[in-house]
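Shared between the two complexes below is chain A, which pairs with chain B and chain C, respectively.
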Partner chain A sequence: MLDTMREIETPEGVSLRLRAAGAFGRAQAWLLDFLLRALFFLVAMSICSAFGRGGAGLAALLLFALTWVYSVVCEVWFGGQTIGKRAVGLRVVCADGTPVTLIPSVVRNLLRVVDALPVLYGVGLVCTMIDPSARRIGDIVAGTLVIHADDLPAGSKVPIVPSQRLPVPLDPDEQAALIEFAERAAQLTLERQEELAHILEPLTRREGTAAVTQIAAYANGLLGRP
Partner chain B sequence: MQLERIGVALRPRTAMEAMDLGSAMLRAHARPVWTAWFAFTLPIFLLCQLVAWFFGMPWLGLLLPWWLRPLFDRIPLYVLSRAVFERAPAWRETLKGQMRWPWARTVAMLTWLRVDTHRSLRMPMELLEGLSRSQRSARWRVLSRPLGGKAGGLTWMCLAFELVLFISICLFALWLLPGEVLPDSMRDLNQALTLPAFKHALVWIASGVAYLSMSVIEPLYVATGFALYLNRRTQLEAWDIDLTFRRLRERLLEAGVAGVLLVACLGWLPPSARAADTHPTPAEPATKVSIVQAFHQPVNDRDTVFASEAAYVYRDPAFGSEHKVSRWVPRSWFRPTSHPNGDASFLSAFFGNVASGVINVLAWGVLAVALVALVVFALRNLRVSVPKVERVMRKPTVLNTSTVHEEVIPADLAGAAGELWHNGRRREALALLYRGSMLRAAAALRMPAPVDATESDWLQYARSIEDSARRERLIAIVRTWQLAAYANRYPGDAEVAVLLSGWPAQQVAS
Partner chain C sequence: MKQQQFVALHAEEWDALRFWLAQLDRQPQVAMRSERALDFPASYRRVCHHLALAQARGYSREVITQLQQIVQMGHRQLYRPPAPRWHKVAIFLLSDFPRLVREQWRCMLAATILLYVPAIVTYVLLQWRPELAHSLFSATQLSTFEKMYDPANVNLGRSSGTDLQMFGHYVMNNVSIAFRTFASGLLFGVGAVYVLTANGVIIGGVAGHLNAIGYGAPFWRFVVGHSGFELTAMVIAGGAGLQFGLSLLAPGRLRRETALREAAWRGAQLALGAFAMLLVAAFIEAYWSSISALPNIVKYGSGAAIWLLVLFWLVRGGRESDHAA
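After this line comes the complex of A and B, so read on.
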């Protein structure tokens, strides 16, 4: 099964799902960051120019900080997100899903020098196309990963109908599918709802709209509603 | 379409994640996609270049492949749409399959829809669904409602990616030039740009590089658009739920309709009735069997699935193997060692520690004294004279080669070199001219002649000569000598005559 998910099982048997982010989102985030920093630097430089040579020195220091320190500070102390990544909904984590720490963050940002070769991240782009988790060279060396942090598109609430117990015990993923159906039924056409409900005819023993309501009733029961 | 055979994990995704799924699909089916891509597009690309050459308009070679992209896009889409539901076709199958796919929409995309930024999303809909005109627009409205902006953004981003690759390839090629010749090459480039043939050659090269970067990014563009389309349909038609429901239905039917029914009857009884129903009914054995069948896991204590999972986890080297870790720790005198027998053993261990420490110090001291004594004895009795190290940098000596002789440079350098040249000893003539010119240049620059200077060093020195005619001549001499020495290419008589005229070959009062 093809997927961009990276599943990590903790020793406690909990599986963490990291949704690795590819070149498109990352390029957008970088562009946003770049524009923001450029704007900030231009404003700061116009202020610094009032102070003559000392101001030029200050501007050079600021440029250094914006180039090398900004990403590290954002990643380590602001939840793995620079401003651009926050806007696009990305996050930097360690390869095992833990928050990124100082050394990996410094390494991955220093290796931007390699990824940015020869200009505008040409090497990094090709590298994200090749790597299964879409990591650039800096990520591979530092052992980090950029993941999607925003929530998945969710359906509406399960409509409230009098609940019913399931006639047979079901697996967790099957129960989840029942609830999901009840949540997302509003996004589907009526014909499609009935078509899907008809598949579960051995469970519901109903036809048409009654079958749809029946599944909603099971979902209510699974959610512990009366 | 058989949903059960889909090769992609179906789950709700954001549009951005769907795009990443596109690149994952492309990565998984890279070989069939790109072999078919090159088998189809490379002949067409070469044909475009031929047309451009025939009409004498090289820019056509750049424009035509760009214009034909909707045609090229059919190939990755065909491979990926087959690969997702069945298996990836080989390139021959892909090329044959193009005959069966509708062409009318591709013609539309090549003409009035060519600048449509939604092509990536429109193409899977039109080519895979094959709808009539009226259905198509309604379908497009439903499909593109939340995705129009994403598809447009995707087009612009892929354009940017292609540009990045194009510039990257060009820059990498430029980096292959040695830095020393770069200024000269740039000057030559300015002159060469005035030649129309050179300009044409540049356009040919540019179209080749553009084709290369298009070959990398265009399949990604198509795959990403296709993934957006798949995700939108998953969302509209709840494919993931459909798939789980189908599996559940199969399981229920396998478990047996009769058993399910009996369990169902049991489940529908009100709880009080079930509590009251204490005496065993004849149907009970049947229900027990069906519960076991309906469950995936055994209901007793020995959970075999868990046991096998645990065994699998323990096979991981992080759990199963032994590690030997050795490291340095600061030694503390008063660290309590393990003392299961109380204070007495603690004290004895403490004094033992102290005693062993003292003995350690003594032993090291004796060793140090013995070593010092040995050195002193050696210095006194053996009287080895320590040679004084000379701290003088050795000057590099001149190597004798076939062309460099230990002869003085004649005062009439031009005459001597000219004579050698006309006698047919061209290499020696140029060597003499080079050597003599460099010595005179060093004198003119008022610096000691460095014996280890290379030709490129001399080029550097020559640039600091102020008189431009002299500078150019000196550079020409170095270049001529390099060509003769390393490439065995000699200038004509006229060029040598130019080199021999004026400074530095002739003594000119400056």
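After this line comes the complex of A and C, so read on.
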């Protein structure tokens, strides 16, 4: 189906589906984190300055913690999410879908040095665009993956219409294609919807807009709606 | 079995497991104390079985997605890493880290040469032709150095600032350099080579210049205490970067990706060790090295003791004792 989907087989013999997060969401999360840390640092600076010169030392220690330690601590002890990632709904996991551990997290965060080259994560951006699961260099080397944390319940965006049973049984893949069409039809122009629905003419036995509605009805049936 | 029957038969277990997993996210302690915690692995495996059945029998997407979500939540909990323990930190620092440094002795040796040879060459050069210092550093930099190590200064090695201020400054600066050295090793080791050589030249230049103008005594009295930890940590961070870059250039019998991943694993551990060493170095530098009132014998004696301690730790740490059966 979607090319950002990674299927991972668990030791129990079933496959997990991880949805890799793209560059845009990750940049959003990073920006949020950056602003948050900058704000925190400014507030702390103004408090530290009350302690005179020693305060400058405390501020330097804080800057160190915010630059190098913050991401690692958040990822390892708070479920793979910094505050920014939590807000955007992303999570760092190991390539096998298990929670990220200390050393991979250290690697991926230290290699921000390379990813941030030449300016503003230029290398990282190019790398996320080339890599099929949108990993930056730090992720590739550390063997980690940034995924969407909250799985959308599939089919929640299918418009609600009275459901109909399919006249013939379909494969799971075919069912998924029907549901995903119903989900995303609203993003397409009417002509394109009809054009795509026309492919299923042998199933729907309808033409034009009626075929689109018919597929939505089937999708509702597949989702177990009344 | 029809889908409705299947769902009716197992829905209760699914809901219970999902509820418990959600609770585990929110209140881990309460969830772990409840009765269901004991049943979790078995219950999780049953749900995995249900998912496999549902997929094989072609049940509707709704059921499969629901099961997949439960499995995903369960997988995250069942295979989560063990909680970190403090004694592991001690074991790492006392034995694993020195062992790793010895295992990578070739890269460490190369890093030592890359740091010390430029330093010594610059130092000797500045004794011979002191005016070369002006082509290495700007006039402001030179006057800062001279002010820091002025024999008339009360505090050694700094023009102003309190102990705490300097401690924070050293941590931020030195550890950032060490981390960058390791990470920039990814560029085929070029970054690590550059940082090591550049630092060697700067260290040799400062030492050479101060010695040439007769400020040698305060300089050596200042650096002798923390140099054991600081220079060795720089060498280790550099060596970590070199072996990182080398894994890309000469992966040996492994695929490049695998070689790189293993080198990164080792490098991160080395960088963490160097981080610990630099914390100690910064502490010594801020609170001990700057005291100027101590007699030479204490200064140089403690410095030598720290150097010996570092070398003994790295050479012997984590080695099986000879008398072990």
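Everything below uses one rule, namely that the second predicted complex is superposed on the first by the 149 of 226 C-alpha atoms of A that agree within 3 Å, B and C clash if a C-alpha of one lies under 4 Å from a C-alpha of the other, contacts with A are read in each partner's own complex, and residues count from 1 in each chain.
Simple rule for what comes next: a contact is a pair of C-beta atoms (placed from the backbone, for glycine too) under 8 Å apart; a residue touches a chain by one contact, two chains touch by 3 or more.
Small disclaimer: the values here were computed from a predicted structure and weren't measured.
Enquirer: Touch check for A:83: first (chain B), second (chain C), both, or neither?
Expert: A:83 sits against neither chain B nor chain C.
Enquirer: With both complexes superposed on chain A, which partner does A:125 reach: first (chain B), second (chain C), both or neither?
Expert: First partner only.
Enquirer: Have a look at where A:53 lands relative to chain B and chain C in the superposition and call it first, second, both or neither.
Expert: So A:53 only meets chain C here.
Enquirer: If you stack the two complexes on chain A, which partner ends up touching A:106: first (chain B), second (chain C), both, or neither?
Expert: Touch partner of A:106: chain C, not chain B.
Enquirer: Go through the superposed model and pick first if A:169 touches only chain B, second if only chain C, both, or neither.
Expert: The answer is both, since A:169 touches chain B and chain C.
Enquirer: State whether A:45 touches chain B only (first), chain C only (second), both chains, or neither.
Expert: neither
Enquirer: Shared contact residues on chain A, chain B side and chain C side combined as an intersection?
Expert: 13, 153-154, 169, 171
Enquirer: Provide the residue numbers of chain A that touch chain B in the complex, in ascending order.
Expert: Contact set of chain A toward chain B: 1-5, 9, 11, 13, 19-25, 27-28, 88-89, 117-123, 125-126, 128-130, 132, 134, 148, 150, 152-154, 165-171, 173-174, 177, 180-181, 184, 187-188, 192, 196, 199-203, 205.
Enquirer: Which residues of chain C touch chain A in their complex?
Expert: 25, 44-45, 48-49, 51-52, 55, 58, 60-66, 68-69, 71-72, 75-76, 79-81, 84, 160-169, 171-172, 175-176, 179-180, 182-184, 186-187, 257, 260-261, 264-265, 267-269, 271-272
Enquirer: Inside the complex, what are the residues of chain B that reach chain A?
Expert: Within the complex, chain B contacts chain A at residues 7-9, 11-14, 16-17, 19-21, 23-28, 154, 157, 160-161, 164-165, 167-168, 171-172, 175, 216, 220, 224, 235-238, 240-242, 244-249, 252-253, 255, 257, 260, 263-264, 267-268, 291, 294-296, 309, 313.
Enquirer: Contact residues on chain A for chain C in the complex?
Expert: Touch list, chain A to chain C: 10, 12-14, 16-17, 52-61, 63-64, 67-68, 76, 79, 93, 97-99, 101-103, 106-107, 110-114, 137, 140-143, 151, 153-155, 169, 171-172, 175-176, 179, 222-224.
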